[in-house]
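In what comes next, chain A is part of two complexes: it sits with chain B in the first one and with chain C in the second one.
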Partner chain A sequence: MSIEAREARQPWILLSPALTAVTLLLFVPLMFIVVYSFWLRSAVGADTMGFHIDNWQRALTDPFYRYILWNTLKIAAITTVLCALLGYPAAYFIARSRGNKLVLLVLLMLPFWISYIIRTMSWINILGTSGALNSALMSLGITSEPIRMLYNEYTVILGLVHFLLPFMVLNVFVSLDGIDTNLEDAANSLGATKWQAFTEVTLPLSLPGLAAGALLCFVLAAGTYITPLILGGPRDAMFANLVYEAIITQLNWPMGSALSLLLLFVLGLLVLVYNRYLGMSQLTKGLG
Partner chain B sequence: MSAVTLTDIVKRFGNFTAVHRMSLDIPDGSFVTLLGPSGCGKTTTLRMIAGLLDPTEGDISIKGRRINDVPIYKRNLGLVFQNYALFPHKTVAENVAFGLKYRKVPREEARRRVAEALELVQLPHLGERYPRELSGGQQQRVALARAIVIEPDVLLLDEPLSALDANLRENMRVELKNIQSRIGVTSVFVTHDQSEALAMSDTIVVMSEGRVEQIGAPEEVYNTPASEFVAQFLGASNILPAQALGIEGGELGLELPGFPRLAVPASRAPDVQKSGPAKLVIRAEKLVLESPDSEANGRYSVPAIVETVDYQGQSARYFLRVGDQQLQAINMIDQRPFSQGEAVALRFRARDCAALPVDPAP
Partner chain C sequence: MDNTKRYERLRERYRNGDLDRRTFLGLIGAAGAAFGLHTPFAGMARAQGVSQVRFDGWGGVVSEAFRQHAFDPYTEATGITVVDGTFAGADEYLAQVRASQEGEYNIAHLSGVFDYARYVGFDLDVPLNIDNIPNMQYVMPRLIEPYRLVTPDHLSAVPYNYGTTGIAYNRAHISDEEAREKGASLLIDDAYQGKIGGWSDWRTRVWYGALQTGQDPNNIEDMEAVWDAIRTHRDLALKYWASGAELMSLLAEEEIVVTEAWSGRVYALQEQGHDIGYIDPPNGFGWQECLFVIKGSPVEACEELLDFMLAPETSIAVAEGQNYPPALDPQKVDLGDKIPTLPAFDPSGTLSGLTFANPEYWNGNEAEWSEMFGRVQRGF
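And then the complex of A and B:
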């Protein structure tokens, strides 16, 4: 074999374990789901194979599904905005602190060591009718009856922000950390106040990181079913809950497949739009 | 009138004192260089003038006005950084116009002034480019244009040439000095490069470990170093222990082993008055190697042995042995250099010697 041929082959050899894993564990199952989505669930239990568009028709036209999809995107959007507003100052603080950056970043990563489900359930002990907050309010005499705080849209958003904030902070931090601090000094020396220097120089230069963090938060929030399951009320279902419901409760795998693919398409479209305007490289930078 | 006055400036970071009680007067329109090795406090001083750091003690005045409590954005200073610090998301023209925006300069006038500034730094056609599309030298010119377009009271340059490669650095040095003298802006230049300092400055402030070692014109600092540090830092010097014999008839007598008795002009030994231990300073390029059988012609002559020859083409650096001491000499080469092991005569004149006290007064 010539050296050129060997060199051309080397990247493929190195990639092959990952490619095999992705193909077997992601691509093939996904194809199963695509095929499933065109089958039909029959009353007897066994699914009818074939090419039926009924599931897709229902997924796209049923006003209930559309309402839930809309609600999901709304909750994801609110969560993303809140994460951006809360995460940016924190990321700025970490990026500009001297010396102890690493400690702060480790503190930021600390929650990841605890299961996401347990972190989410901990809110029940805080906000529940016999939770910490209500006990405190009652013992202070501010209220005599416990206040119902759990199981609504707000607690779902609260849980999502709690879960996703570190992703936002990390992405914005990477972006801010790469900005030369001399730029702000230069802007100040030219007559810009601290705030003007921030809005004119630092903020625009950190937008790619903010956008990458926003994309991650949005996609992860829109795809969640655990948070609404634990912290939401009956009317706060999100789209992934429909999939869960269809597959686990109703055992309607074909419908569940169609619904999950629909969500995949909507979020995929969003990623494509992001990629078109900002590029995926920012995202990988934020994760690295 | 003074453009910048520093009065008893002290800067401490925790227990570390970066600048010890520094006072400096910078005349209007002059080019002053803060020269010293890294960690000598020169950049700290510049950043205090700029307003990026607050002095722990002392006063800073610009054009007679105390500005300690004036924030940086109201000081009207031009600042040029070693790494250019151009705004990467703005075009060259937008970068240069940045300061004008905050001075509420009308749009038409701003456009004209940006064009003039780019003309001045010889980049008239690059206004629409982005900084990343320019070379390092071009980026530094844009940074200079951005700093001078606002007509600053003082131009502060923090090692602006250090990031450029050697040839470009020498060209930019000449150009920077030309632009400065054309617009006549008072400039404070920070560098660790002695040749930049000597070539560009009206006044050099040599600093070491947070203290001013000497303030003077380039030739003054070079020819009459006030301390051993200055003698070592600027050019190659021989510093030899000697015995001062007191001043007689405007000349200081010096004795040292291997040398004849020297008579140094008293003006070249301002800090050595009495007899006692002292130091003799001779620049390496003032020691001329000649063959031992040639005429001394009224110069001092010391026999020496060539130990090492560092051949550099047009010149050579020699390491020589005189008794138990090693000396350095840098000579232009006529035909071929002296070779290793050769016995030579070191010739020098009394006026090229200087004497320093052993313990400079603190």
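And then the complex of A and C:
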């Protein structure tokens, strides 16, 4: 075998364990879900096999699913914007700090050491009727009765921002950290104010990191079901909650499969648009 | 155990439907080859017998009581290990069982009527030989009847405990008199808007919707009225709870002052000193739980384990741990001091005061109602 041929094969040999894992653990199960989405649920008993488009027809035409999907995308978008607004200054501060950058990054990663569910539930102890905030307000005489703050859409968004903010900060930080600070100095020496140097030089250069963080936050927020379950009221649900209910509560695996694939397509479309205009390299850099 | 006994056990499992023909013949072949060759492959012949049985339940104090009073003595007597698993919800567990291989799951602590019928519907039941479970003689016949309606020619489970889903209320806000007077309508009383809770379970919502509209939960005639009652409750409620722990937290923290609740959980709150009242309104929701043997399990070993679990000392310890009365007939067994004080306990052993769900009726409507509730819950 020639050296060229051997070199051409080498990447595939090295990649083969990962490709096998992805095929067996992701692609094959996904195909099962695709097949399942065309089956029909029986009232009681085993599902009806075959090729039926009923589930897809309902998922695409039923206003109920459209409403929940729209609401999910809305909540994910609000969460992403809030993460960007809160995360950018934090990332900027870390990137421009001297000496203690590592400590700040460790502090940023600390929440990941605690279960996401526990972190979400902690808001109940903070915002509840007898939680820390209400107790403080009442003991300071600001309110005479507890204010109802929990179990609504706002607390769902709050929980999501709490969960996703570190993802945004990390991505923006990676982007900001790679920008040569001499560029800002050069802008200043040419007569730009600090604010102008930031808006004309630093911000545009850090946009790819901001976009990568936004994509991650949006996709993760749109796929969540724990946060609305814990912090939402009776009406608050996101699309993943419908998938959970279809599969677990209603035992309607075919419909649940169709719904989960629909969400996958919508979010996949978003990733494709991102890749078309910004490329995935920024995303992997942020994750790295 | 001799080889003849091993063969008989294998044949018994095959006849009970626990093994398919191909596996049975394969095992006979493997056993024959192993016997003939005396090689290390002998270990592959599963005709060697049962080495472990898996039990899945709710965990916590129930699990500890089972371990101490049933599993360890059972292992000592038979040499069979009991693997103790837990699940968070019956729906989630059924999804796991459906996705598993036969024999992976053996015995589960399930809802006695709904789940029994659902498991039978999915062909997950197995005929038990009741003669192998002597402690069944102590079980109240009223609790066995619903299973006979689903599987007239056999039982795939033994009843284990019962309870009610009644109305729990905070006595600092609602008096016992008001609760008794209003009954199920207390849950749709707009005087308590934003202080009302409810279980996110579609069956409970529909059951209470029926009570609030003056209908028989086992024969609902005006379903639209029920959905309207559920919508009213939804708009007044602060939160639908999804677990017993969440229910207790919401009541204890006074986030809500009235909700449906499981009798055992309310008793636990009362034991902790919370001033929580509890009533079962007329036609209140009675339920029972069972120990279900899943298809593909080693039946004889499971029957023996069920007998250990049904033994009075085990049943009483579990009942005292989880605060739900056992399935044992108080007319036949002395249940001690605590159990007669538990909510829903019936000293007569007839359970004539409780209304149980008709599994045929409810499971027949499950597909439509569970999906409809999902929509109503979200404002449709």
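The definition used in the following text is that the second predicted complex is superposed on the first by the 288 of 288 C-alpha atoms of A that agree within 3 Å, B and C clash if a C-alpha of one lies under 4 Å from a C-alpha of the other, contacts with A are read in each partner's own complex, and residues count from 1 in each chain.
One rule holds for everything that comes next: contacts are C-beta pairs under 8 Å (C-beta built on N, C-alpha and C of every residue); 3 or more make two chains touch, one makes a residue touch a chain.
The structure displayed is predicted, hence computed values, not measured ones.
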* **Clash or fit (per the criteria above) of chain B with chain C on chain A** => fit
* **Superposition-derived comparison: chain B or chain C, residues of chain A touched** => C
* Should A:129 be classified as contacting the first partner (chain B), the second (chain C), both, or neither? -> second
* So, does A:193 touch the first partner chain B, the second partner chain C, both, or neither? -> first
* Between the C-alpha centres of chain B and chain C, what angle is opened at the C-alpha centre of chain A, expressed to the nearest 10°? -> 150
* Asked: Of the two partner chains, chain B (first) and chain C (second), which one does A:16 touch, if any: first, second, both, or neither?
  -> neither
* Which of the two partners, first being chain B and second being chain C, lies in contact with A:185: first, second, both, or neither? -> first
* Could you tell me if A:143 is touching chain B, chain C, both of them or neither one (first, second, both, neither)? => neither
* Determine the nearest approach in Å between the Cα atoms of chain B and those of chain C after overlaying the two structures. => 48
* To do: Within their complex, state which residues of chain A touch chain B.
  => 180, 182-183, 185-193, 196, 200-201, 204-205
* Asked: What residues on chain B touch chain A, complex-wise?
  -> 50-52, 71-79, 81, 83, 85, 87-89, 98-99, 101-103, 146-147, 150, 156
* **Residues of chain A that touch chain C when the two form their complex** => 41, 43-46, 64, 67-68, 124, 128-130, 148, 150-151, 229, 233-235, 237, 242, 245, 247-252
* Sort out for me which residues of chain C touch chain A in the complex. => 89, 91-92, 94-95, 98, 117-118, 121-123, 194, 198, 200, 202, 234, 237-240, 242, 249, 253-255, 363-364, 366-367, 370-371, 374-375, 377-380
